[in-house]
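The chains carry the letters A, B, C and D, assigned in the order they are written, with residues numbered from 1 in each.
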Amino acid sequence: MTIESLLFYAFACMAIVSALLLVNIRNTARALFLLFIVLFAMAGLYLFALADFIAITQILVYVGGVLILLIFAFMLSNKELLNDLQSTSKHFISLPNWQALVLAFAFLGVMVYSYISWSQHMPQWIAQSEAKGSIILPTDNNIKALGFKFMTQYVLPFEIISVFLMMALIGAAHVSRKEDDI
Amino acid sequence: MISLTHFLVVSACIFCIGLYAVLAKRNTIMILVGIELMINAAILNFVAFGKYDKINYGGQVFALFAIVLAAASVAVGLALILNVYRHFKTINPQDIHELKD
Amino acid sequence: MGLLSILIFLPLVATLLILAIPSSAKATYKYIALCFTLLQFGISLYLYGNFDAKLGGIEQMDAYQYVEQLAWIRMDLGTVGKLEIDYFIGIDGISLPLIVLSTLVMLMSVGASWNIDKSPKGYFALLMILNMAVMGVFSALDFFLFYVFYEVMLLPLYFLIGIWGGARREYAAIKFFIYTLLGSVLMLLVIVGLYFSVINPATGAHTFNMLHMMNPANYVDGSFFAHITNYHEVFGIPARLIGFIVLFFAFAIKVPIVPLHTWLPDAHVEAPTPVSIILAGVLLKVGGYGIIRVCYSIFPDIAANTNWWLALIGVISIVYGALNALAQKDLKRMIAYSSVSHMGFVLLGIASLTAEGLAGAMFQMVSHGFLSAALFFLVGVLYDRVHDRYIYNFRGLASLMPKYTAYVAIAFFASLGLPGFSAFIGEAFVIIGAFNAESMSTGIPRWMAVGGSIGILLSAAYFLWTLQRMFFGQTRLQGGQAWQEALTDLNTREQVVLFPTVALALLLGIMPSLVFGNLNASVIQLIDLIKPYL
Amino acid sequence: MLLPISPIIASILVMLFPLVASVLQAMLGKKAISGNMALIAILGSTIISLFGVFLPVWNSTSLQQKWEWFTIGDHTLHVGILVNNLTALMQLVVCVIALPVHIYSRAYMKGDSGIHRYWMYLSLFCFAMLGLTVSLNLLQLYIFWELVGFASYLLIGFWFTKETAAQANKKAFLINRIGDLGFLIGIALVYAHCGTLDLATLFNQTGFFKDIDIGLISSIDKNATWVTFAGLAFFLGAMAKSAQFPLHVWLPDAMEGPTSVSSLIHAATMVAAGVFLLCTVFPLFNETVLLIIVIIGTLTALSGALFALGQYDIKKVLAFSTISQLGFMMVGVGIGAWDAAMFHLTTHAFFKCLLFLCAGALIHEMTHWKAKAQLDFDPKDLRHMGGLRRFMPKTFICMVIASLSLAGFPSTSGYLSKDSIVITAYEWASHLGGAYVLIPILLIIISILTAFYIGRLILKVFFGSFKYRSHIKTIKFHEAPKAMLIPMVFLAAASLFPLFGLSLADYHSSWIMQTLDANTIYPTQAQAHLFIPALLTGGAILGWLVGWSWYVKKKYPLSENNRLVHFANKQGYLNEFNESIFVKGTLELSRILYIFDQYMVDGITKFFSWFVRGLSAAVYWFDKYIVDGLVNSFAQATYYIGHLVRHVQNGQLQGYLGFALTIVILGILYLIIT
């Protein structure tokens, strides 16, 4: 076993365990901090998929933006949640909602089954690209390649998503304004 | 070299955990967190498959798009949550089942 | 419209009148009822006075008196034949005493109803309908008409017990109703069977005429109830025997015999006093009358063969009823059981198939009619005053209510068969008739007569015990001072009701010919009808 | 003809006077308490009975007249009057006894709050008893027979507030009812076989006195079973009325009534009616029945005498003495010497009535004295009396005469009549021989016992010393009032021999025996006429000497708690036996039957109703859940499906999502499987 795979497993374990803890913990504040760990672990896993820029972005956008936003929203939202914060000390782990659990396991089962059956018959394009040698290698400069691609091949989606992001942010600001302001 | 299946299994786990959070949590913020987990699982898949597409870099590009979209969705989602809370004085999705005022 | 019809339908007029008068004038209802029953009593006395005692009746149509026959329902049923139902009434020596008795008992019961204040309109209207039905039953000679009256009798009684009764009135009313309805429904089957077996010799159509049913010549050959040429069997029992048993069953419930008597104590105990009076005074007699008029006259051949069993039932009823009466603690229930015992004599007398026994049975019916009415009235007097009938709750009433005690003592002694009173004549002649049965070879062994006479002894036991327990000794009452004040002696109205019964008991005890004179011819006629089959 | 009316009309008048008096008394109620009406009525009856009926009829003629009563079937029953030697004698005896009792009652019952009832009942009794004597028809006789029982019931329970009186009259009536049933059965048997109840038709109008073969009864086979049964049935009737063992138990209890009543009804007349009945229907009896009568009579006489020995209640001693004497009369009838029985009945009526009247006087004075002296004791108890001859000398003399008569001392009437029975019994027994000799021997023993117990009574009451002597000085003890003494003296005179015949010793020369000649078939034995009276008298004197030493000299050899004394005092435990066997048994049976009735007979009804209701409930269940259930289950299935789908549409986001994902999973699974 290589160090690479050990690290992979460590990250994977960290992500999964933290995620499990995240969904089972009662205290929302702690859950959000656990989410922070999960996102970090996920970023680590992206690295193993040779997507360094994505990992960086993940940390910047998620940890720096989304998570802060969530925490602020949570802190701002209500005293009911704060009450909840205080009353949760008794039950560190909440009882699972069994229908959801069943459904979740069912999905897991189905997916794992399909991956296993699928791994025997890989799609052709993977084999072809392996054969052509057109796979991303650790030595490749991903950031540069991505920059080119955004500016050339994916320029239209890039612009659309930019506008979309702005619309979403403006919309968010509008929705969350005080009603008195109207 | 980590095989593709490894990534897929891990992403499946995270996805299912996110799914569970979405279905079971009694807190809208946690549902949002669940959605983030699922998006992350998807991003992991994008990235894992993207390794085999050096020509288009589709995997990584769309992973970035997805991250952006997720951020936008969180922003909009939180705005909605705050509004909903202001209206219903709760963020328990089970108590929010009426479309009318 | 003959006198008999007037007698029957006068109460109906009273009913209409009562219904027409608004409730605001409810005080008049009892006077209307009293007037009409008095009128009826007068008519019945007139009938009695103008009755020709030499005519027998039973199966001879021209020996019936005050006969009215009108075509009532005539329907052409095509292949089945013609439906022929007559309005056919008339009386003979068997029905006359009972009609006079009924009018008297009705009068008494109206007298006993004087203080009814729970919806008197309905009460008196129902009472009058009952009155009509009773008169109708005793004078109907068409079986269909008889059945109609017989059924009409049930309904007012059901309501009278069920509405004006005591604590468990619904239970008692339903029990009474179901029991008697069971009997009459079965009777209907036999009536239909008889209808299809008998033809009217004059018109050739099937008929419900009871007198035609009594003549063996009128039976269609091979028909279900055919007399001589009868091959019909049900479960291996001859059809005529079945018919007899079913009819007997229907009337035996009314009598009542042991073990079909259980409706009686309940009905009596729960019924209001006037209804108890009618039940004991008239209703039970319908049973005895039915056995003589229907069972014995239409099925003389079976009657001659089954009288051993009937007498046995009679003896059992006598002794069983008397022993049960001895065990009672409720005065009214005791008298109800004594009725079972006394009506057992009727059955024994009828079954003896001797002139003495039959006449004694008829006499016993008449005597028991007004004596039991008087007894129930006396219980009612006590109950009115303190709302209690429990024998152990009273003691030494004689010092408190001397007149009442005198009437009770006379009624008790009359009922237990003290000579000089009517019950003695009835019971003595039933016993004599039962003894005589062996000489006449009608098949009644003498031990049955002896068994019956034990009933007389037992009746003395329970009546005297009650007398001693309730009336003698030092005055001691359950209710203490309150009762002592409530227990006033008889008032004038009560004495007016009671005195005639006591006087009548004495009169008939001394001059039994008043009853025997009129029914003797009919009794001999009936014996002659049955004799060929012995 | 001493009166210008026929004996028939006269006897009807004799009957009617008391009836009218009774009805009038009933109507007047408390307005007439003197009893004059009853007295006048009985006086009239007595006079008419003596001059209008007895004297014209006695030993000369017999008459009957009947009127149609009612017709039943082919038979017509008559009511009528039969006057012959027997009935005329009986009627006269009743009248002559009733008259002094009426006079006596005026004093004895004075001041009683219910005295108007007393006169009414007494007159009613006289009517019934007088009617009984002259009835022509057996049914008519039965009616009067029960009526006397009814009057006796009323009189025993005269003081009805006393619990013992109320119990006693019930007992008396019920036991008499047993006898009445026997009588009724006898009547029914005679009617069934002879077709008539007319005594004159049955036994000839003179009764059976001279021409036994003329009546209808002569044509029947006397050894037929029904004759035996009918005879026994009649005897059962007589047993209850005349207090024969074991149906005698009512008589001692009947002493709860006023003493005057006891003297008239329960000593002289009514209880003798049984003997009278047996004499009336005597021709009906065959050998078997007669033997049973003799045995029962002897048993009764013996038990009565024995029980009398142990009684302390003065009236009960006399009651048992009556029972014992009635037993003698029964023996007389049983041996065929009904003439002797009637003779003894007559003499017994006088002296026993007198005994009771004397006892009544004693009780009366004791009660008064007790009230004055403010003591509390039972005035009827022998043990509280003693030495009374000094205070009530006239009563003493009367009572001694009556007692001598009862004991059969020569020169009294009792001597004549009792000897006639004992001697005839001896003749009868020696004619038949064998074990029959037991009967006269027993009778002699009983006679001596009789003398002894009546001697005991006299000695205890009149001799010795008064128990409450210390009080006697302050409060005077009176002689009985005149109104009571006169009847007593009259009866005392009637208890001596001259009334019944001039011969002092020969009962055959008595006018009653001369007329009522029973034609006994067995030969007379002269020596019996000598040694039996001698034996009886000697025995009686011996008994009195023993009694003197026992009761006056206080040398009583037995302890009071002796078992034999107890046995006699408790009347042989017969009452207890009856109570526990018959009364309790009947009550228990009735209770069980009622339970049976409630739970079995009515239970069947209830079971049926329960069953029908159960069945209908089952059918309803079937209808509701099976038939209707099919319909409903369709509807319900639809409803549930709808409901299920409705659950999804509950407005909950997570629910929607979960449902959608479930469907997705199912779809994927489907795809995987296919």
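Descriptive notes on the structure:
Throughout what follows, a residue touches a chain if its C-beta (ideal position, glycine included) is under 8 Å from a C-beta of that chain, and two chains touch if they have at least 3 such contacts.
By chain, UniProt protein names: A = NADH-quinone oxidoreductase subunit J; B = NADH-quinone oxidoreductase subunit K; C = Oxidoreductase; D = NADH-quinone oxidoreductase subunit L.
This structure is a prediction, so every number in the text was calculated from the model and none was measured.
Put simply, the chain nearest the middle, going by average C-alpha positions, is C.
Taking the CA centroid of subunit B as reference, the farthest chain centroid is that of D.
Look at where the CA atoms of subunit A average out and do the same for subunit D: the two points lie 122 Å apart.
Between subunit B and subunit C (Oxidoreductase) the centroid-to-centroid distance comes to 98 Å (mean Cα coordinates, whole Å). Mean C-alpha position of subunit A lies 103 Å from that of subunit C (Oxidoreductase). Note: centroid distance subunit B to subunit D, computed from Cα atoms, is 118 Å. In subunit B, the positions touching at least two other chains are 19, 23-24.
Multi-chain contact residues of subunit C (Oxidoreductase) (touching two or more other chains): none found. In subunit D, the residues touching two or more other chains are 654, 658, 661. By the contact rule set out at the top, the touching chain pairs are A-B, A-D, B-D, C-D. If you check the complex, the residues on subunit D that touch subunit C (Oxidoreductase) are 69-75, 139, 142-147, 150, 157, 160-163, 165-167, 169-170, 173-174, 177-178, 181, 184-185, 187-189, 191-193, 586-587, 589-591, 593-594, 597, 601-602, 604-605, 609. Those residues of subunit D lying in contact with subunit A across their complex are 654, 658, 661-662, 665, 668-669, 672.
Here subunit C (Oxidoreductase) touches subunit D in the complex through residues 175, 178-179, 258-259, 261-263, 320, 323-328, 354-356, 359-360, 396, 398-399, 413, 418-420, 424, 428-429, 431-432, 434-436, 438-439, 449-450, 453-454, 456-458, 460-461, 464-465, 467-468, 471-475, 511-513, 516-517, 520, 523-524, 527, going by the rule given at the top. Within the complex formed with subunit D, the subunit B residues making contact are 19, 22-24, 31, 93-94, 96-99. By the touch criterion given at the top, residues 99-100, 103, 106-107, 110, 113-114 of subunit A touch subunit D in their complex.
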